[in-house]
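You will see chain A twice below: alongside chain B first, and alongside chain C after that.
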Partner chain A sequence: MLDKLFFYLDFPFVRYAIIVGTLISLCSSLLGITLVLKRYSYIGDGLSHVAFGALAIAAVLKVTNNMFIILPVTIAVAILLLCGSKDSRSGIQIKGDAAIAMVSAGALAIGYLLMNIFSSSANVAGDVCTTLFGSMSILTLKPTDVYLCVILSAIVLVTFALFYHKIFAITFDENFTRATGVNVNAFNLLIAIIIAAIIVLAMNLVGALLVSALVVFPALSAMRVFKSFFTVTVAAAVISIVCSLTGIIIAILAGTPVGSTIVAADIVAFFICYTTSFIRCRRA
Partner chain B sequence: MFLLKCNKLTLGYNNKDILHSFDYGIHSGEYLCIIGRNGCGKTTFLRGLAGVLRPKSGKIELCDNLRRNQIGYLPQITIAQKDFPASVEEIVLSAFQGKSLLLPFYGKALRKRANECLELTRTENLRKESFRELSGGQKQRVLLARALCAAERLLLLDEPVTGLDPESSQNMYNIIKDLHEYKNMTIVMVTHDIDAARNNSTRILNFNELMQ
Partner chain C sequence: MHKLFSIFLLLLFTTATFAKENSSNADIDLTRMSSTMVYSMVYQMVTDPQKYVGKRIKMKGAFSSYFDEEANQRFFGCVIKDALACCSQGLAFELAKPRKFPSEYPSEGTSITIIGTFEFEKVEDGIGFPIIKDAKMFR
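The block that comes next holds the complex of A and B.
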């Protein structure tokens, strides 16, 4: 077993997959806490569908690096959904909820339509399945993809560390933070851009349909057990990295699809945390 | 002496004006209660005073050397906050975020001030507790402590006793009264509790009469 693992670790593409997987899961778990606590979990899901639609457009236009289309489109939609309501009295509520459903299903349909009409390969179903569920795309990363991922995650991590307290204040109480004189709109914009970037990155790892699992699960698991924002943040990051590494290694050894194996590991972690909190409640 | 003056203030959301060309002055050191039925613009007015909502026209003038960062605001608690995983200390310290752009750590002076505010609202023993595990009354007192951290002279309170039992409500009123009497804090409170408004306040503003 271990021999097999070390044998695989000799291949650069396996090392790339592990580096990229760790970074993406770290970034997504950090921002996932904010999304979950602001009740915006579904925006993550909607955005990943938008990224899928953008990917189809990029494929039709035959651009050399599809990131140049996917990233701006997803960021634009993220800003629209997350910073849409102007008066901030209630943030996004009923209207926003319907808007997300519309955008996410619409983008998915248009994406599939475009891929079918302008298909360049014989195996459309296979291509679509790969983008939706990630399949093995993480094991076919080129060095440029890895560099891009490392740079983007570094930006995300530095931004998060610098503005950690601001992000906490805005997540907990947007109105109060606005009253203390913080430029909340600017930070919401920043958060929206970062979230879009993370989702586009994460699409490489687990595929468009499973991205929201990567964003939501670690945060929810950590929130079961830990009580302060700081410990929840650290725990979510650790849980996310451990699950992703476990998922990738199992996928390599057992030949299962990478994305769904990672999500399965996240589900297991959630149940462990849930049981822990349940037992603790019983004892108390 | 006026602490704050509204000149022809119009507040509203999107196309709807809620307050129209409103003139009013808040005196230094008073305890003002704002009453009125639901939807008549009490909360909107407070949001305007707190600077959360920008006036559509007219303006809010700060008098008597009052600065924006001397105003503390206690908004109504949201559903999302009720099960928020954060310690009391983290929440109270977050009040200082307006003071600088980058604040990676909170210094000793800020921590000391946060502790003082927790003592004033009788929540100093809850410092390490998780916010979501507190009772309704404790939650409100912690949020009042946060408002105090941001405030030195004026407190804007939006229905601070909503959902609290009589004992917790009375507790909250006593704390607010102490702040008014001993800390010389000017209080503006939105409330539905007319008896408490009569007993505690020095002046009452009735929004029902205003709208007619």
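The block that comes next holds the complex of A and C.
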């Protein structure tokens, strides 16, 4: 088995997949904790559908690098969802989960419609399936995709490290943080931008429909076992990276779809953490 | 926690199944790879063919044929599907010893194995397509 694995590792595209998979899972797990605690777990799903809609627009406009359309559109919607719904002066009447559900379903429908009407590809169903489930995207990356991922991941990690204490404060009590003089709106804007960037990156790894799992599962698994914000953050990052690597390796060895294998590994990790927590509670 | 995690990894790895290994004189033997790897490799060959020109390729897939009216020529292909079975792609091949179509060829969709030399056939202005030449075909 190891011979087979080392044989596959000789191919550059497998190494790219492992690098990108590690970085994306690390970034998504860090912000996942904030999203889960702020009760925005489902925003990953909504934003990934927006990214899918933007991808369809980029395909219709025949844009060479579709990232120039996907990233700004997803960031704009993330700001609207995370910041707009909190601002009473903005006049937005639809709030919280309803806004996410509306954007999620709407973007998915528009994306599929555009791909059907304007697609130049002979296999629309295949294109949609690949985008939604990330069938092979991670194993078809070019060096430029890897550089872009490394740069975006570095920005996300540095931002998270620099503003760790502020993000911690905003996650638990926005009003108190505002009272201490912190510009909460600016930090919510920053979180929205980072989340959008992560979602767009994560689409390559697991596909649009499974992005939520990458954001939510490691955070929830870590919360079963650890209690402080710092230990949960570190544990979520470790669980997410291990699950992604395990998923990628199993997928290339056993020939299973990459995205769903990674999510299956995340589910197994969650049940292990849940059982560990359950046993610990029974003993206490 | 550490022990539980080790057991989890062990369980995941033991569920993996592998393609049967077989000996061949190919530089790239796709028949030894998992379906995920085969699909990714063929994608690399189609999108970046220059890296693979001149190499002996062995692959297993479904037989397919297509008649190009403009070129007045029939093309033969070996088609593979991705892990989700929603996408398929393939490589054209040209047999070393031409056969009569359709009597000496398998029917569409029949599982075939081909071995031959990977080439990039230029059509015009640098545009072309990858093809496996001097190929042998087995069922």
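As a convention for this text, the second predicted complex is superposed on the first by the 274 of 284 C-alpha atoms of A that agree within 3 Å, B and C clash if a C-alpha of one lies under 4 Å from a C-alpha of the other, contacts with A are read in each partner's own complex, and residues count from 1 in each chain.
Here is the rule we use: a contact is a pair of C-beta atoms (placed from the backbone, for glycine too) under 8 Å apart; a residue touches a chain by one contact, two chains touch by 3 or more.
This is a predicted model, so every value here is computed, not measured.
By the touch criterion stated above, A:Ile272 is placed in contact with chain C alone, chain B being left untouched. Of the two partner chains placed by the overlay, only chain C lies in contact with A:Phe13; chain B stays clear of it.
Look at A:Thr177: by the touch rule set out above, it reaches chain B but stays clear of chain C.
In the superposition on chain A, A:Cys129 contacts chain C only, with no contact to chain B. Once the two complexes are laid over each other on the shared chain, residue contacts for A:Ile252 go to chain C alone; chain B is not touched.
In the overlay built on the shared chain, the residue A:Thr140 is in contact with chain C alone; chain B does not reach it. In the overlay built on the shared chain, the residue A:Lys166 is in contact with chain B alone; chain C does not reach it. When the two complexes are laid over each other on chain A, chain A has no residue in contact with both chain B and chain C.
Residues 13-14, 47, 50-53, 68-69, 71, 73, 75, 78, 80-81, 84-87, 90-91, 93-99, 102-104, 130, 132-133, 146-147, 150 of chain B are the ones touching chain A in the complex. Touching chain A in their complex are the following residues of chain C: 1, 4-5, 8-9, 11-13, 15-19, 33-41, 43-44, 47, 82-84, 86-88.
Taken in their complex, chain A has these residues touching chain B: 37-39, 86-89, 161-162, 164-166, 168-169, 172-173, 175-182, 223, 226-230, 232. Touching chain C in their complex are the following residues of chain A: 1, 4, 8, 11, 13-14, 123, 125-127, 129-130, 133, 135-136, 139-140, 225, 242, 246, 249-258, 265, 268-269, 272, 275-276.
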